[in-house]
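Labels A, B, C and D are assigned to the chains in the order they are written; within every chain, residues are numbered from 1.
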Amino acid sequence: MTVQVCTDADEAVAGISDGSTVLVGGFGMAGMPVELIDALIRQGASDLTVVSNNAGNGDTGLAALLAKGRVRRVVCSFPRQSDSWVFDRLYREGRIQLEVVPQGTLAERMRAAGAGIGAFFCPTGVGTPLAEGKETREIDGRTYVLEYPIKGDVALIGAHTADRMGNLVYRKTARNFGPVMATAATTVVAQVRDIVETGALDPETVVTPSIYVDRIVRTEVAV
Amino acid sequence: MNPTDSLVENPGRGPLGKDEMAAIVARDIPHGSYVNLGIGQPTRVADHLPDGSGVVLHTENGLLNMGPAAKPDEVDPDLTNAGKIPVTELPGAAYFHHADSFAMMRGGHLDVCVLGAFQVSATGDLANWHTGAPDAIPAVGGAMDLAIGAKKVFVMMSLFAKDGSPKLVRECGYPLTGLGCVDRVYTDLATFRLGPEGATVLETFGIGYDDLAARLDVPLAPANGAPR
Amino acid sequence: MTVQVCTDADEAVAGISDGSTVLVGGFGMAGMPVELIDALIRQGASDLTVVSNNAGNGDTGLAALLAKGRVRRVVCSFPRQSDSWVFDRLYREGRIQLEVVPQGTLAERMRAAGAGIGAFFCPTGVGTPLAEGKETREIDGRTYVLEYPIKGDVALIGAHTADRMGNLVYRKTARNFGPVMATAATTVVAQVRDIVETGALDPETVVTPSIYVDRIVRTEVAV
Amino acid sequence: MNPTDSLVENPGRGPLGKDEMAAIVARDIPHGSYVNLGIGQPTRVADHLPDGSGVVLHTENGLLNMGPAAKPDEVDPDLTNAGKIPVTELPGAAYFHHADSFAMMRGGHLDVCVLGAFQVSATGDLANWHTGAPDAIPAVGGAMDLAIGAKKVFVMMSLFAKDGSPKLVRECGYPLTGLGCVDRVYTDLATFRLGPEGATVLETFGIGYDDLAARLDVPLAPANGAPR
């Protein structure tokens, strides 16, 4: 359906329900939808499951959302970083649940959700604690573990430029999880640095086609 | 869409022509939908989408926002639709490869898919890829992917085969394309909504409901305005 | 490993063994590596399994390869076309094996081969003759059929432009199966319309990164 | 690579420094390889690749043909490596998203991956993501994907932990990252080839083979020039 071009980040995150699963793009700060997360904090949804590569850095963005007690559960590959003190404290106090997923499996599980795949046999993590309790199978001489899709109610992602239809292009390694998350959530919200007229993006270079994007908002970001 | 969702009978006119059927399908596609039009008759639906419909066409060979068929001077061998007919692109188009294109389809991102059919069962089973003839060479293309992928699957077909047998049936006799996947059937004589309980008649053309029901052998009910 | 820039199509297909599985790109004529197929005919490999969307048109290209009796088995989604008389005759005479695969499943099975996925549960074809004998499973209320990867010994694809490292870009719907097949074969051979210096392609727009490409050859093609 | 693939002992020198280890890993990466260098010490390998090595670096956050770390005036927040350090791109680079990047890894397309480790077993099991300490917060990142993905997995580590215990062991005591996935181990005292039968010593530094064998408790053999 036609993309909603929002006037600000608050409009872009309106209506996110308590209990939602929110996919949050970015790898470190590259591609991180900071303004959308800030707006989500103002919006107030709680009891969230957040799916993201990391679990917040410093005291802003995802870390601030966690610090407000809005997040029940984090699904990520790498929560522990030198500046992940907010998550660390909540985790040690037993106030947040954690599911650690290998980074490529995290991406592939979201891709499966977006691609209508019910489950897939993945070689990553076989024989490790992260495969404990999971179904395994030997196929053609190699052992695989069965992994299930991760679907979001909402995806918050950062992209570089959108056209007014909602087609997205990214910039350098800020692309990371954005294109995958855009396929895997019911409502996809993208913050972008620029919105151009429909037709201004080369159709060969569009990374996320408009069909995946529900709301776009231009935010002021350096670079 | 039939605005009241109560049965409308049009017995005082003839059955729908192919272009009229296409126009009615086009009318029922919501504004701004992402739509895949199957090869053959469904392709005609594009010609009946009003200006400003906001409908974006997908072709499974890797393009969103496909434009009309190419005029002779626009033909580009690198740009075709799924029927291998030269087409054009519209502003806001995007190209992608086959795995991404069918991920889009299979993942349920398209709003509507319009397909032809040999047979449809009243509960939405679709048979449109194989006549079951013993000497036929099987060829499925994207039919099975399309059948199960879109949020809504519309079928366009004549209601009766050339031998007079109905194509809306209790159970498909031809090999299936998909199970319980068809939401609506648009035919020359009537349009139907399908569901687990059977077929609901939304509108008739050149025939009344009772005559129609007498010619079909499926669980059938008239639309009564209840919410869909 | 470093891409081999070939002087002609014959060099590009050298060494293909009898019994190989050959993935052949293209959808109709768009993206069809016609010159590579012609070279494969001259090269002489036989007893091939060909994986492609169609099974040849007219009397040239794939149809000519089939007509020479070089192909034991075809895996495709749509063999039967108005001008597929070569395949039709071989099939009716029992001289060629056929596995029909839904088009999206064909693409996804090659994607799985390229992505290290052992098998995947796919909703396409459930309850139809093409799922007969296959393992099925209900996941979250929906029934899926288990599908296995299709891996090629060789992929022959057509792209638009390569740089001298082997990065590829495609043009319009000629992209189709090329990028997927490039991930799914041991040796990937691309015919392109132009070869440019490394650095001349925008890194944001590369569709097939050089890692997937083993041999490139410039062929003379209209457009 | 050790050209004869027979054991070379260098007892008359000290153990390798970190940069010397990196240089030896760099020497063993074949020309034109596609390589992922893990976070931390493996990153140093890039500094020792000779001009014209043709080696192409992959970073799993979505870039092939990554260049050196960015100089202060080159820093771009949109361009980092997997350790979130600002880097640069080289001519012939390509960007892709995370699912494509790990498909590339998992699908076995990278020639070599170089990783650090807490422990490696003589049969190639890898432990490099978790110390197993009860209060540690688990964090795996891309370690498990990298461990099982590349055609060859090289580990760089000191041979002995600070407490003197060997890190090349019969069986890893730390939680595993991958099973039987390590092909080579580069340490300060020796380089090893691993396989189902155990570890083969390729080269020693600051120690002879017999002294080395006496300090390790794993199935061990000297390289004898037999084909690998």
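Basically, contacts are C-beta pairs under 8 Å (C-beta built on N, C-alpha and C of every residue); 3 or more make two chains touch, one makes a residue touch a chain.
A quick map from chain label to UniProt name: A, C = 3-oxoadipate CoA-transferase subunit A; B, D = 3-oxoadipate CoA-transferase subunit B.
What you see is a predicted model, and the numbers here were worked out from it, not measured in a lab.
Using the contact threshold fixed earlier, the set of chains in contact with both chain C and chain D is A. Two chain pairs are in question, A-B and A-D; the one with more C-beta pairs in contact is A-D. Centre-to-centre separation between chain B and chain D, using Cα means, comes to 55 Å. Between chain A and chain B, the centres computed from C-alpha atoms are 35 Å apart.
Per-chain CA centroids place chain B at a distance of 30 Å from chain C. In chain B, 63, 89, 95-96, 103, 105-106, 149 are the positions where the chain touches two or more neighbouring chains simultaneously. Residues of chain C in contact with two or more other chains: 108, 111, 115-117, 122-123, 170-172, 204. If touching chains are joined by edges, the resulting network of the protein chains shown has some other shape, matching none of path, cycle, star or complete graph.
Contact between chains, per the stated criterion, is found for A-B, A-C, A-D, B-C, C-D.
Residue ranges of chain D in contact with chain A, taken from their complex: 59-63, 76-80, 84, 89, 95-99, 101-103, 105-106, 125, 130, 135-145, 148-149, 175-179. Taken together, the chain D residues at the contact with chain C in this complex read 30-34, 54, 56, 58, 63-65, 89, 91-96, 103-111, 149.
Note for the complex: chain C touches chain B at residues 27-31, 77-81, 87-88, 91-92, 98, 100-105, 107-108, 110-111, 122-130, 160, 170-180, 207, 222-223. Residues 108, 112, 115-123, 137, 139-140, 142, 144, 148, 169-172, 202, 204-205 of chain A are the ones touching chain C in the complex.
Contact residues on chain C toward chain D in their complex (touch as defined above): 1-2, 111, 113-117, 163-165, 167, 183, 198-199, 201, 203-204, 206, 209-212.
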